[in-house]
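Each of the two complexes below includes chain A, the first together with chain B, the second together with chain C.
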Partner chain A sequence: MVTSTSLVNPSVLAPFGVVATGSLVVLLLEVLVGKRQSFLGRPVTREFVGTLLSGVSSIFLFIALIVAAQFFATMPGRIVFDPAHPMVAMDRLTAFATILVCIGSIFTCWLASTYLDELRIHHGEFYALLLLASSGMVLLVQSVDLVTLFMGIELMSIPIYALAGFARRDLRSNESALKYFLVGSFTSAILLYGMALLYGATGSTDFVQIRQAFDASNLLAIAGLGLLVVGFAFKVAAVPFHQWAPDVYEGAPTAVTSYMAVAVKVSAFVALLRIAIQAFGPMDARLSDLFWVLSAASIVVGNVMAVIQENVKRMLAYSSIANAGYILIGLAVGTEEAYAAVLFFLLVYLFMNVGAFAVVITLATGGKDRDRYEDYAGLSRTRPTLAALLTLFVVAQAGLPGTGGFIAKFILFSAALKQGFVWLPVIAILGSAVSFYYYLRLPVLMYTRDPEGAAPRMETSTGEGLVLCTCAVAVLLLGLFPAAGPGFLSHFRALEWVRETVALLG
Partner chain B sequence: MVVPLEHVIGLSAILFTIGTVGALTRRNLVVILMSIELMLNAVNLSLVGFSRAFGEVDGHVFVLMVITVAAAEVAVGLGIVISLFRNRDSVNVEDVSLLKW
Partner chain C sequence: MSFAAGLFYVMAALAVVTALGMVLNLRNTVAGAMCLVVTMISLAVIYVVLDAHFVAVLQIMVYAGAILVLFLFVVMLLNLRSDAFTPSRATAPKVVGAAVGVAVLAAFLAKLPDALPKVAEIPADFGSYRQVGLALYRDYVVPFEVASFLLLAAVVGAVVLAKRRLS
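On to the complex of A and B.
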């Protein structure tokens, strides 16, 4: 992989291309296979088409993952699409984020196959939309220019509006899609206005040139930066721009909810990280104050509101707002160590959040989700393994030692303390203490109460089983890994390549 | 006669504000969609204005992208509104209130 100096370098777009091609192939395959009586010697039923498309989509995502991993392992530095106009770049940060996005999307494919059957909404478009959204995320995490950034955000969001309303006959799904669409497109307009003002103030859409031309005394530039940050705060559901999240998460089909909570958040945060480092390095202090406020508000509101919820999906929505707050701590602190801690947090967050949603998905039966707290009473008798796994995932989110959640929070908070930020970790630790109440309510219900109401689904499909096992193993491995602290971080090597990335950005 | 940049930016800011107020206060979903389109087009206007002032094409290219994206967005949005209308016989946002707190 030689960095070319004059030629356009299309290999940068390889992961994006694979995922985007996958979405078109899936779309065609559904039309071609769906009309036939039998395919590959099997009768064509709705379930068969669903499983086939889910398999094909995960193959494409897996190829993209391998390509990204290849970049990650062999990358000497950073390659851009066209040295004169970078537009999209590939470095370790991008490769890492692409891997996370691909893992999240593969999990969604595996989970969706049985879940959509249970809800009787199995249509092939689901996978095409999913892959399109994933390709948008890949574009988003590798963009180094406002134009590609905007394209990435929209390519990610528009398919997800449709996915949120995928249960067309379900009023709550309709409502979820509508709210997500209205808030999302309103946000996009705000974000875009911010980009236009930045372009006007700096005369360029390229991150590096924006950084060079950025003048903090120019009102236009400050307004543009503010609108850009507000737009991203909406996308990651940080308080006070979070009101849409619980409604949308509750109403959307759970497989889509888990995708929104994980993949969207991961890619939006990585893009925000890149903007903060690459485009607004000189603005550090003021930007840091902004992130400080967003972070503290998200932690407090997210944790407090999660306590009073009666619906598990809504509770997980508020907990994901609180998690966004923790991640924003890293952006507020703004050291290399904090950025590395953010990336590690995102990695752990992916597994523990998908895991928790996977349990909710595995219980869905008879066309309905089982997402109220009462539905979990006595689960340890009817589905002991699932009860144990759900306990593991919520305990990890609460941050109990021995799980990945603890290590992630620990290195994040210690990076903040090291930089002299005292109040943020204090708020975050108090918030985590509150979170024990609502997270541990689930295990208490599952293990101390008798089962009531309708029985849950009794069988777990292969895909669901795979996701649950992978997430559980990952949460435990990331938690039981050698001692926590700086030694651990260097083992993870995140610090090294974050430093590398930051050095390349200037 | 050349229109000065300030006028273009001013007009764009006024249009954007009208769009924002419309999107936040109107109750009819189709009107909200139109308001959001107005916001996007206000941004396009300022992008073109800046681009012309700099004598570059970057902004113009950006505008073409935005127009494409806005078309895709409004197509999906209208689809969502239609599926909602089929289930509810209403396009008023105040009727959309199943999910709260």
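On to the complex of A and C.
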């Protein structure tokens, strides 16, 4: 019996393993601790169990983050699980994406603890589902095979269906979960159909072998590629596959919304990037056209629809659709510089978007979100620090100079212009101009109007404070630091990792 | 015509007829589900004809067994009356839907025969216990193990959404 056991690298799966093990530990810990009267000298209350599980979850995520960072720092190249059947790989791109996913999930743990108490839905299963979804994301960003890719997407999505409906007494949360579940199942079917066609056309599920066997004149292969892109367009909520996003984002508990808007998008985009580089690179012209149309439509529809929203969570949903449009510019352009710009954009997007949602979460009180625009009137009197932070985050999303949002858009658009794409940056800049209206509506309300209605929550928990501080510092640093030197992209070194990934295709 | 070829044509025809029976059986969901069982079993017989015995057993156990029982459970649990889902009166969506479906089918039928890759000779033991085992536990061991976490996620998610009272 010939086996290739000696060549297998189980260490590739270390970050996934840590996060997945964490979910089991959290599930067991809830049962074991929940039954006791006191634990570690503290009386066991629901709040105590919640805080404990939140802490344990973030420790596991932090270990995974350290492992990924270790890979990132010492990575000589690219290692795969089993050279004969790669399945999952670890390289700089994967390690970077894993770090982003872990940061996003840790933020969600910290934000959820107090928020779920406020909504009176603090159950330990939340953290188990969160860790399972995160492990799916880690698997997704390191997949180099259609089968693992699909498993990653499902493992990411299924826990999030349940998380979206976590506020079981809230009808909007029920609606959100059902809509996300139905659209998600539909998406899975489309993705699976695309994968089946690609397998039929190329005879393999491995990215590299697909690329070697890919024949652009083959109808089957093109149909498979198209369906695959449509499936991902659903997951990242790109127009015209976006209709579910506003309802789902609005109804889900806000901690889950921020997780969906950030972690899901980051991992889906990195997976799409890897497919574009590894399975279909050098960029197929038709694929580029497809991304062009998705990008332009998302920027226009996302920004225009965001203007007419009366609910901050819905506004942020449309703004995340517009952001998906900006990111798709990088995929349409398809140069290494554009891919690097996408990675930097994702990094900045993580902090500014979580930051904005964190403010919404910190204001939630009395079992309800404060997510209508009127709730923000006069916030500068009642919660001056939060008002200032929210202003920073929306200004960064609008792309004002001095914030990370500006730099991210700048290097993305200049990469597009350099490659001769003129219309996409023009549409994007016009879209950003429109976005100033709906982003700046919040600061205007907070600073010029008197407070009205019920008072917001007056205290910020430690977890929320940590998230808000980290996001604010990151948004500012990523905006100010690059101004120190012109060759910023070489500082950031994303270009180098993308080059490595492209170079290691064979 | 050999016995195997005759069996294939009979079973293929049965599969198509019962599949249509499932789709067109709008009034009675249980009858639709039973049609699906027959489809699955005729497919299993086709697998036997192809010498893929293990796949045939799996087809019966997983599809005809587990999945169909699940369907029937859901149908009976929801206890839908036949008038709960009256077919919609609007004809425009039906006509457009049918036209799109036929157009796509025509496009595929016109181009598909050329697009299909020439299939290499299938190894003699394809679909045998040994081959399925090797594929599952050697080539695809990572997705296979991940599937256990996927099931755990589904179980926890279902309990979270459906349990009457969470402690």
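In the analysis below, the second predicted complex is superposed on the first by the 493 of 506 C-alpha atoms of A that agree within 3 Å, B and C clash if a C-alpha of one lies under 4 Å from a C-alpha of the other, contacts with A are read in each partner's own complex, and residues count from 1 in each chain.
Heads up, the rule we're going with is that a contact is a pair of C-beta atoms (placed from the backbone, for glycine too) under 8 Å apart; a residue touches a chain by one contact, two chains touch by 3 or more.
Treat the numbers as computed from the prediction; the structure is a model and nothing was measured.
S.K.: Going by the contact rule set out at the top, does A:Phe72 touch chain B (first), chain C (second), both, or neither?
M.R.: neither
S.K.: A:Gly200 contacts which: chain B (first), chain C (second), both, neither?
M.R.: Both partners, chain B and chain C.
S.K.: Who does A:Ile158 touch here: chain B (first), chain C (second), both, or neither?
M.R.: both
S.K.: Which partner chains sit in contact with A:Tyr439 here, chain B, chain C, both or neither? Use first/second/both/neither.
M.R.: neither
S.K.: Check whether A:Phe241 is in contact with chain B, with chain C, with both or with neither, and answer first, second, both or neither.
M.R.: After superposing on A, A:Phe241 lies clear of both chain B and chain C.
S.K.: By the touch definition at the top of the document, which applies to A:Glu125: first (chain B), second (chain C), both, or neither?
M.R.: second
S.K.: With the two structures laid over each other on chain A, which partner does A:Phe413 touch: chain B (first), chain C (second), both, or neither?
M.R.: Touch status of A:Phe413: no partner.
S.K.: Examine A:Phe186 and indicate which partner it touches, taking first as chain B and second as chain C; both and neither are also allowed.
M.R.: In the superposition, A:Phe186 contacts chain B only.
S.K.: Which of the two partners, first being chain B and second being chain C, lies in contact with A:Ser176: first, second, both, or neither?
M.R.: A:Ser176: touches chain B, not chain C.
S.K.: Just which bits of chain A does chain B share with chain C as contact spots?
M.R.: 147, 150-151, 154, 158, 161-162, 165, 168, 177, 200, 203
S.K.: Along chain A, where are the residues that touch chain B in the complex?
M.R.: 146-147, 150-151, 154, 158, 161-162, 165, 168-169, 171-172, 174-179, 181-182, 185-186, 188-190, 192-193, 195-197, 199-200, 203-205, 246-247, 250-251, 308
S.K.: Which positions of chain C touch chain A when the two form their complex?
M.R.: Touch list, chain C to chain A: 111-112, 115-117, 138-140, 142-143, 146-147, 149-150, 152-154, 156-161, 166-167.
S.K.: Would you pull the chain B residues touching chain A in the complex into a rising list?
M.R.: Residues in contact with chain A: 9, 12, 16, 19-20, 23, 29, 32, 36, 39-40, 42-43, 46-47, 49-51, 54, 56, 58-59, 61-62, 65-66, 69, 72-73, 76-77, 79-81, 83-84, 87-88, 93, 96, 98-101.
S.K.: What residues on chain A touch chain C, complex-wise?
M.R.: Per the touch definition, chain A meets chain C at residues 3, 13, 20, 23-24, 27, 34, 81, 84-85, 87-88, 123, 125, 128-129, 132-133, 135-136, 139, 145, 147-148, 150-152, 154-155, 158-159, 161-162, 165-166, 168, 177, 200-203, 218-220.
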